[in-house]
Amino acid sequence: MESVKRVEIVTVAVERAALLAALERAGAPGYTVLRHAEGFGNRGHRGADELTDVFENVYVLVACTQDVAERIAAAVRPILNKFGGVCLISDAQSVRS
Amino acid sequence: MESVKRVEIVTVAVERAALLAALERAGAPGYTVLRHAEGFGNRGHRGADELTDVFENVYVLVACTQDVAERIAAAVRPILNKFGGVCLISDAQSVRS
Amino acid sequence: MESVKRVEIVTVAVERAALLAALERAGAPGYTVLRHAEGFGNRGHRGADELTDVFENVYVLVACTQDVAERIAAAVRPILNKFGGVCLISDAQSVRS
Amino acid sequence: MSFLADNLLNPPLLFFILGMAAVLVKSDLELPQPFPKILSLYLLFAIGFKGGVELSHSGVTPRIAMVLGAAVMMALVVPVYSFFLLRGRVGVDNAAAIAATYGSISAVTFITAGAFLNATGIGYSGYLVAAMALMESPAIVVGVLLYRMARRERSAAEKTDWPALLRDSFFNGSVFLLTGSLLIGAATGEKGWEAVSPLTDGLFKGVLCLFLLDMGIVAARRLGVIRKAGLFLAGFSVGVPLVNAALAIGLSRLMGLDRGDALMFTVLCASASYIAVPAAMRLAVPKANPSYYVTMALALTFPFNVLVGIPICFAVISRLWG
Amino acid sequence: MSFLADNLLNPPLLFFILGMAAVLVKSDLELPQPFPKILSLYLLFAIGFKGGVELSHSGVTPRIAMVLGAAVMMALVVPVYSFFLLRGRVGVDNAAAIAATYGSISAVTFITAGAFLNATGIGYSGYLVAAMALMESPAIVVGVLLYRMARRERSAAEKTDWPALLRDSFFNGSVFLLTGSLLIGAATGEKGWEAVSPLTDGLFKGVLCLFLLDMGIVAARRLGVIRKAGLFLAGFSVGVPLVNAALAIGLSRLMGLDRGDALMFTVLCASASYIAVPAAMRLAVPKANPSYYVTMALALTFPFNVLVGIPICFAVISRLWG
Amino acid sequence: MSFLADNLLNPPLLFFILGMAAVLVKSDLELPQPFPKILSLYLLFAIGFKGGVELSHSGVTPRIAMVLGAAVMMALVVPVYSFFLLRGRVGVDNAAAIAATYGSISAVTFITAGAFLNATGIGYSGYLVAAMALMESPAIVVGVLLYRMARRERSAAEKTDWPALLRDSFFNGSVFLLTGSLLIGAATGEKGWEAVSPLTDGLFKGVLCLFLLDMGIVAARRLGVIRKAGLFLAGFSVGVPLVNAALAIGLSRLMGLDRGDALMFTVLCASASYIAVPAAMRLAVPKANPSYYVTMALALTFPFNVLVGIPICFAVISRLWG
């Protein structure tokens, strides 16, 4: 078991590729992506029931070190500012062999 | 960075609209919804492979203050009692500009 | 409210059935499954855009006691070793009636 | 028994069996979600439109009105007698849910019977689709009424949300699409039919094959849960449809239906719902166990009807009608 | 007004209304994702291929080149005048996004007009599909240019990522599939048509019914947000398409188009985009509020056009053309 | 080289190229999941059913039995020689997986070859679909056997779960659906064909266009990973299919197949699996790197075969057969 940071990001689906590239640049050792997230926030309801991806969100989970988590936070902040969403950081233990 | 509560709820998909309305009434500043969750619990396996939504779950994540989290817990409890599911509350740091 | 462990597992989709069976054997009182997860890790990008399930991941969330979490960790480790993925354990409060 | 064998040479039936076989040999074959839901919407759209177009030709004659009345009557009577048969054995909650399940109908059973008829060269009248639409919801309301009556004394606190229940019963997605397509078919008649028939008619049987393949997979997966239901409920899943079929055959004879219409009316009465009813029951009778009522309808009654029930009913009708 | 009633006996239109009705009565009917996206890809593929095959017959004559030029001109002019109409009322960001929305086109409106024409026995020429493909993107670029010019002084920091924007405008999925299918249709001609027409032609109207059913649901759900937009924008959503239609009818007359082609050209100019434009605006003008521009295009202009605009334009054209 | 150009005027091929182009210009065009999986199930269902119906006419003659035997033999021989070619270069794990990949077949290559033939006015016999079904699994078993033999000495701990492997090889979804549809087609013959052919035959080519559009996207995305594979494996991806094609053409001549059947038999031998094999290899040889074997089959061998291999083989066969 090893202490890690769990970083969770939700933002607009159209930024998915840009977000993942930013995560890799920030040194994320891996990530898991769940598409087709719906949501509600400052920009109203985002329905995932539309004909375009514009109203769809994406959810990404990263397990990483404190260091990388900070770099991710810095990289994600401008995306959140421009397109909306949230980024949560919490603690976890990672099971590894 | 700001300390927040992460509230996660899993319950039956047919209650999605009612759950989201309850969250908004309880003051959730936002939420993220992942549909088509499968699961297992007291009511057996819920497969998401059926022709009806009856055996499907929904997963919802809310980042909010301690206060709102408590109100959400109170609002969600009767839904969980009637329809099953879980509600977990944990701690996180929210990255905000 | 009751203190529980949140166990999250991400691994390859083709191992879903084996993983869930392992969770039940380890005494998980329930679990929630999100299919069609994409990801990145030691084995490269896993796209979920393929014609086969081979490049798809599955995300599983379990709320359980410390005890069960440890048994799950032990059960999941060989799967992660063989097929890749992550398993994170964190703390939460469970809302129950 | 050659009519049973004939039935089995129908492609849709064979795909149903193929689906069951896939589960048996642990193949990973599955139709990915939401494909099965899409196929099911397609079938409702197609069958509703076709029925509507035919209704636009026949109009609603007194004879048709009578059959529609008989259909609704069966949808009201079946849940009542089923409820009293069941409540001693499985409790009020499950009894209400199962009663509603057997009072309502299964569109896919109806459609499969249509394909069966078609293969024998016989047709059926479009108003039977209207009968199907009319039978889907009332049983739900009856089931919940019975439940409320039996429960009254005990829990004043627990209250049924009637507006939500009626909405779920009468406007639930499948009922709404079927009825809407029927009305649009009736309104646009032959001209509408020309526009949509390559989709709704040409592809119908092929799509039915794929849908039954999925039904076979789903039914076989559920079979595992059947032990929980026990012998009584397993018997109920086969016996009650047979009783309802016998009643329906009698009524058909009385109303002077022809062979095709008689079979379709019979199949409506004998089939059990696993789409509309469970959705409503979750809300109205949440303590009823879907492992019982869905499994019975989907994994026992449906396979029984499509494999055995339909050809038997047709054999009986053919003999009686001479 | 009988032409309005006629229009309403078209199955696709009736399914659009059925979708709206489903939301009104709170039915849980919905076409599960990604079914609507698939239907929309199908429609683009089918309409593009067909247009291409027809182009392979006609070739690109000077007359056709002129119409294509006029189409692009309208796509450039409409966003300019719209922007200046709007910026005082809703700010530069929203003005730019709405301007682009109304300069670009809606393929489904075009397709619905084609089905309407078809029901009256009139056809239209394949090059109009090319006009549609050409009109989709330029308005986006104009909208963003206007936005950048108005913003210049204020924010030097904020920069448009032009390569990304051009990619999103010209190579966005729907534009790309439509154009690609058009080119392939043109390249393979009659032989290609034979191979794919059972899919692209036979099923077209039936699929359009299902797609409009979904559009009805989505549009009705969005109607709730319309109050936010306010009376001015609601007026804009109906008024500007009418103005554009009038301009287009005049241009059609000048260019000597026949009735069918005139209607389709008019519909392109009068329709507003809710697929390609929003996707590009999210990136280029992120502060514009999609609750405004998407709702206007989807929940007001689209229903207005398909229910009222198309038959009115056709009546006007029929009268003028004599 | 006119046969190469002819091939390129086939709509399915052009859509494959369109898909690759979409990735190249960074368009966001994609067929949303699970649409591609559904299309792939449809193609297996359609091709299987059709093959079965034709088998019901021809029966299994000694000549057909011989060809089926030759097909299985090729599926056993190809992985053996491939394994020994590869193991020195890429290790035992990757060698086993790649060997199995090239011993097994790609249904879509087969189908594309059928469309190619069809465009030249030639048909092929239904039993070749049976050959395809028979060739899909054995190579998987051979690959894993070779792997176990090479590994024996080293790791007694690591054990192959043979029941799971055999299940994955012989009952994996795509093999199961293809074989099942074949059997149902054979059982229901002409009557079954009539019922399903509007779906399975009418739409076939159009659906193939959409599916190849997706294949083009997926293949082009994977192309990026190819550098990892290196020149040796890239050469293997093109060279081994050519060798297998040459062997198959020789065998076809020996067995006296006609031109159409010879081409289809050749294509089976020359194609490489990217659906059934990877699924089984993940479990049985988890250390083999899918970036190698899937990329080779999907991003090199498949495009090579459909763009160049099929027309070349056909030209050679046409010349040899005179």
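Labels for the chains are A, B, C, D, E and F, by order of writing; each one numbers its residues from 1.
The definition used in the following text is that contacts are C-beta pairs under 8 Å (C-beta built on N, C-alpha and C of every residue); 3 or more make two chains touch, one makes a residue touch a chain.
Since this is a predicted model, take the numbers as computed values, not measurements.
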* Asked: By the touch rule set out at the top, what is the minimum number of steps from chain A to chain D?
  -> 2
* Indicate whether more than half of the residue numbers at the chain D-chain E interface occur in both copies; give same if so and different if not. => different
* Decide which interface, B-C or B-D, involves more C-beta pairs in contact, and give its chain pair. => B-C
* Counting in whole Å, what is the centre-to-centre distance of chain A and chain C, each centre being its mean C-alpha position? -> 19
* Computed distance of Cα centres, chain F from chain D, in Å -> 41
* To do: Provide the list of chain D residues touching at least two other chains, using ranges where the numbers run on.
  => 30, 33, 37, 198, 202-203, 279
* Structure fact -> chain B residues touching 2+ other chains are 34, 36, 48, 90-91
* Sort out which chains touch which and give me every pair. => A-B, A-C, A-E, B-C, B-D, C-F, D-E, D-F, E-F
* **chain F residues within the chain E interface of the complex** => 9-11, 14-15, 18, 21-22, 25-33, 35, 115, 119, 198, 202-203, 205-207, 209-210
* Over in the complex, which chain E residues touch chain F? Could you list them? => 33-34, 37-38, 41-42, 45, 49, 167-168, 171-173, 176-177, 180, 184, 187-188, 191-192, 195-200, 202-203, 279
* What part of chain B is in contact with chain C in the complex they form? -> 8, 10, 34, 36-42, 48, 57, 59, 73, 76-77, 80-81, 86-91
* Structure fact -> Given the complex, residues on chain A that touch chain E span 12, 14, 36, 43-44, 47-55, 82-83
* To do: Enumerate the contact residues on chain B facing chain A in the complex.
  => 1, 4, 6, 20, 24, 28-35, 61, 63, 90-97
